[in-house]
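As written, the chain order gives the labels A, B and C, with residue 1 at the start of each chain.
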Amino acid sequence: MSTDTSQQQDFYAAPGDTSQGRVFTVTGQDWDSITQNIGDAAEERVVVNMGPQHPSTHGVLRLILELEGETVTEARCGVGYLHTGIEKNMEYRSWVQGVTFCTRMDYLSPFFNEATYVLGVERLLDIEDDVPEKAQVMRVLLMELNRISSHLVAIATGGMEIGALTVMTIGFRERELVLDLFELITGLRMNHGFIRPGGVAQDLPPGALDEIRDFIALMKKRLPEYAALCNANPIFRGRLDGVGHLDLAGCLALGMTGPVLRSTGYAWDLRKTQPYSGYEDYDFEVQTWDTCDAYGRFRIRLNEMWESLKIVEQAVDRLAGLEGAPVMVGDKKIAWPSQLAIGSDGMGNSLDHIRHIMGESMEALIHHFKLVTEGFRVPAGQAYVPIESPRGELGAHVVSDGGTRPFRAHFRDPSFTNLQATSVMSEGGMVADVIVAIASIDPVMGGVDR
Amino acid sequence: MGLEEKLPSGVLLTTVEGVAGYMRKASFWPATFGLACCAIEMMTTGGPKYDLARFGMEVFRASPRQADLMIVAGRVSQKMAPVLRQIYDQMPEPKWVLAMGVCASSGGMFNNYAVVQGVDHVVPVDMYLPGCPPRPEMLIDAILKLHDQVQATKLGANRRTEIAELETAALRALPTSEMKGLLR
Amino acid sequence: MTDETTDSKNTGKSDDKTDANESARPAEERNLEAAKEKTGTGSGVEQPAPEQSPENVPAPTGEVRSVGERRGMFGVSGTPDTSGYGGLVSATVLPAPTQKPYGGWFDEVAGALEARLEATDLMSAIESVVVHRGEITFHVRREDMPFVAQMLRDDEALRFEFCSGVSGVHYPDDSGRELHAVYHFTSMTHNRRIRVEVTAPDSDPHVPSLVSIYPTLDWHERETYDMFGLIFDGHPALTRVLMPDDWPGHPQRKDYPLGGIPVEYKGGSIPPPDQRRSYN
C-alpha cells in the first residue's frame, strides 16, 4: 500500500503540449474541460490511443486510432510492449536450454514454439530420420491438444471482447481439461520444456491413454455447445459478419497464414503441404471458409478443433501399439542422458540412473556431466523448418556456428506478421469492429514481441 | 458491555478497523494488468474451475480508477514500465500490488536488457508470488494471504503510525543480500 | 584422403577436425598435383590414378571462408588451464558453396533464376549457392536483391509468392560481411522453399528494402533494423518496432551485451548469464 495517503497529484490529468499537438488524458469527471480544450482544434484530426493496457486488446497491444465519429480513418499498431529478448537470451544457453526459452514466446501454443525450434536443430544435427516414432507421435498428440486449447482461448477471449461472457467461461472450462492432460503428461500446465532435440523429455505415464480417450469422448459432447451458442446467434453474426474483410490477394500480399488465409478459401496448411513429424500419416481435412471475414475465421477455428480431435484419436491409437518404445534418439551423444522419474521430492533423475553414474561407471558420470553442462555440438549451418501453429506459419531460423549454443535463433512468428493486417482490416470501419477484427486475427503478444 | 452478554456466543463486536478491513478484502477488485503467460493463468483463475468470484474478485475492472488490486501478471518490458507506473498512479487509495510470477517478482528467467528485473523497481509491491506460471491455486493462496494483510490494515491515525513503523523497520532490516550463511 | 567436414555427424570432441579444414583445400590440391605428377609421365595421355578419378574425388568446392574463431575448449579464460586444450584455435566455418548439379528441383529453380539474370546481364548477382541439409541458400549481392526478389515472385517457373520474413544475423568476425539478412521464400504454387542471404558490412549497413515487392516485410525489416541496425533503403517508415523509440543501440548485435544484472541472494551473488563462467 502506498505510504502517502495525503493529497495525491494526478500527473496525467493536465493536457500536455507535444510536438504533434495537444495530448489529453481522460481521467473522469472532466468531459467539459476536455471538450472545451478540444473545441478550438475540432477541425483537426483526433487521435485516440487504445492500450497497451486495455481489456480488449489480446494482451499488450497499443492501437493508435484516428477517428471521425465512429469511423476509423487510420489505425496503427504499436507493439513491443512485451519484448523479452528471448532470441538473444537463447544465444547464451545451450541448445537444450533454448527450448525452455522459446516455449514462453507464444505462450498459448508452447509446444509449437518448441517443435519448430527442435525441428530446426534436428535438421542441423541430421537426425531427422532417427527421431523415434513414439516421439513423433507424442509430438503430434501434444501439438494437436495444444491447438485445441489455443483455439479455445481464441474463441473464449474473442467472445469476451464482444460481450459473450458465457463463451469465455465454457472456453476456459474446456481448456482446463486439456491443461489437466498436459499436466499429466509433461508435468506442467503451461510452458512445458517437453519437446527436446532428439525426441521428447519423457515417456507417457501409465493411464495417460485412458485419460486422453475420456477427454476425447467428453469433448465430442462439449464442442457442439460452442456451435449452438454462436453459429446462428444473430448478435454474434451481426458483430462478426463482414468484419475484418481481407481477400486472398490481400492475404498473400501481407504474408498472412493460418485461419486468416484459410478464411479466403485457400487451403494452405503446412501440415498437408509440407508435412513434418509424421503428419502425412494422419487422416484429417484442411478447414476453409469462403467469406474472408471474422465469422469465417471463427468457423474455421471451430472446425479445426474437430479435426484436431480426430488427429488426437488417431495418435492415441498409434501410441497404444507403441508401449515401451523409446522416446529419445538413440545417439547417446545427443540424447538427454538421464531418464527422469518422480521421486520423493519431485521430478529428477531416476534413482537407477544415479546409481549407475555414481556407483558403477565413471565414464557415464563424465558423459552425463558433459552433456548436461556443456551440451552437444551442432554442426555449422542454418535451418528453417516452419510448422502450422494455431495462428499460422511459425518457423525458427536456427543458425549454428558449430558450437554448443545457438549462434542465432530467430522466430518467424505468425502473430507478428498477421498483425500487419490490422490497418487494412480496420480502416473505414467502426471502432467496435477493430476489436473484432483483431480478435479474428488472434494475435498473441508474446509471439509478436518475443 | 451488557450488550455482549446478551448476544449469542460467537458474535463479537469488532472494531471499525476490522469491519473496514473485512469489507475491503471481501470485494477486492483487481485491475487488468495481464501481460504474458501469467495473464492466462490469471484468467483461468477467474474461470469456472478455480473460481475467483467466490472471493468477490471475478470482476476485473478495466479502468484502474475503479480497482483496488493490481495483479502484475507477466514480464514487464522496458517499454511497458512507464505504462505500469501510470496505471498504478491512476489507481485511487487504498491500493495493493501483487507481483504474480517470477518475471514480475524479480525478472524471472529473463535476466537481460529488455525486462525490468522485478516490478518493485517501478511500483511498491505488497505480495510476491513465484511460479512460472504459478498455478491458479497458488494465485489464490497469494490473494488470500493478501486478504489477511488487508484485513489487518489500520485506519486513520493508527494507519499513519503503522506506516511509520513499517518504514523504520524496513530501513533497519538486514537486506537479503547481506544475510550470510543461509545457503549452506 | 582429406575429408570435408561440412556434413559430419560428429557432435563431440572433434574441434581438431575443423582445424584440418583450413588446410583441407591446399592439401587436396597438393594431393591432386602429386597424383598428376605420378601418372602423367610416359604417355601423352594423362590418366589420373584410380583414387583421383572423377567419380572418387569430391567435387572441388569454392573457397571456404572462416566466419569466426573459437579459442580454447571449455570456455575458460584467464585462469591457468591444466587440460591443455586452452590453446586450441579452431575456425568457425559455415557450409561451403556447392557446385552444380544441386539435385532435385534445386536445379530447376537455380536455372530459372540464372536465365532471368542472364537476360539482364546480372549474372554476378548470385555470389554463391549452398545446399546443406536439403535446403538451398542463394547468396545474392545486396544491390541486386530487389531485382532478384521481383524475379522470384513473378517468373512462372519460380513463383515464390510468400516471403516468410527477414532474419538478421550478425557475424562480427566475418569482416566486410558482418550483417546478414536472410529471407525465406515459399512457392505455394510449386510447394517449394528457398533461402536468400544478403550481406552488408558494418561500415555501410545498408540493404535495399523489398517492401514494394513483398509488403509483408514491412514490420520484419523494421525489426531487423531495430535489432541489428541494418538500414533498409526505401522502406516507407523504418522505425523501431520492438524496443522503445528512443532506445540507443541495437540489442541483438553480438557487440551489445545481454544486459542482465547480478542475482544476489543471501550472501551469494551470481553474475548475469553473459558474464558467468560458462562450460561451453
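Going forward, contacts are C-beta pairs under 8 Å (C-beta built on N, C-alpha and C of every residue); 3 or more make two chains touch, one makes a residue touch a chain.
It should be emphasised that the depicted structure is a prediction, and the values quoted were computed from it without experimental measurement.
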Central chain (by mean CA position): A
Pair sharing more residue contacts (C-beta pairs) when B-C is set against A-C: A-C
Chain at maximum distance from subunit B, centres defined as averaged CA atoms: C
Between subunit C and subunit A, distance of the C-alpha-averaged centres to the nearest whole Å: 29
Mean-CA-position distance for subunit C and subunit B (Å): 50
Residues of subunit B engaged with two or more neighbouring chains: 78-79, 112-114
Multi-partner residues of subunit C (at least 2 other chains): 243-244, 251, 258-259, 273
Residue numbers of subunit A (touch at least two other chains): 80, 83, 85, 88-89, 449
Parts of subunit C lying in touch with subunit B, wherever the complex brings them together: 243-244, 247, 251, 256-261, 263-269, 272-273
Subunit A residues touching subunit C - in the complex, by the definition given at the top: 79-80, 83, 85, 87-89, 92-94, 123-126, 252-257, 268, 273-274, 331, 333-334, 373-384, 386, 393, 395, 397, 399, 401-405, 407-408, 410, 412, 416-417, 419-420, 449-450
Residues of subunit A touching subunit B in the complex: 1-3, 5, 8, 10-12, 27-28, 52-55, 59-60, 80-86, 88-89, 100-101, 104, 107-108, 153, 157, 168-170, 172-173, 175-176, 179, 189-191, 445-446, 449
Interfacial residue positions of subunit B with respect to subunit C in the complex: 78-79, 106-107, 111-114, 117, 176-183
Residues of subunit B defined as touching subunit A within the complex: 32-37, 39-41, 43-44, 47-49, 60, 62, 65, 74-75, 77-80, 83, 86-87, 89-90, 93-96, 109-110, 112-115, 124, 126, 132-133, 135, 153, 159-160, 163, 166-167
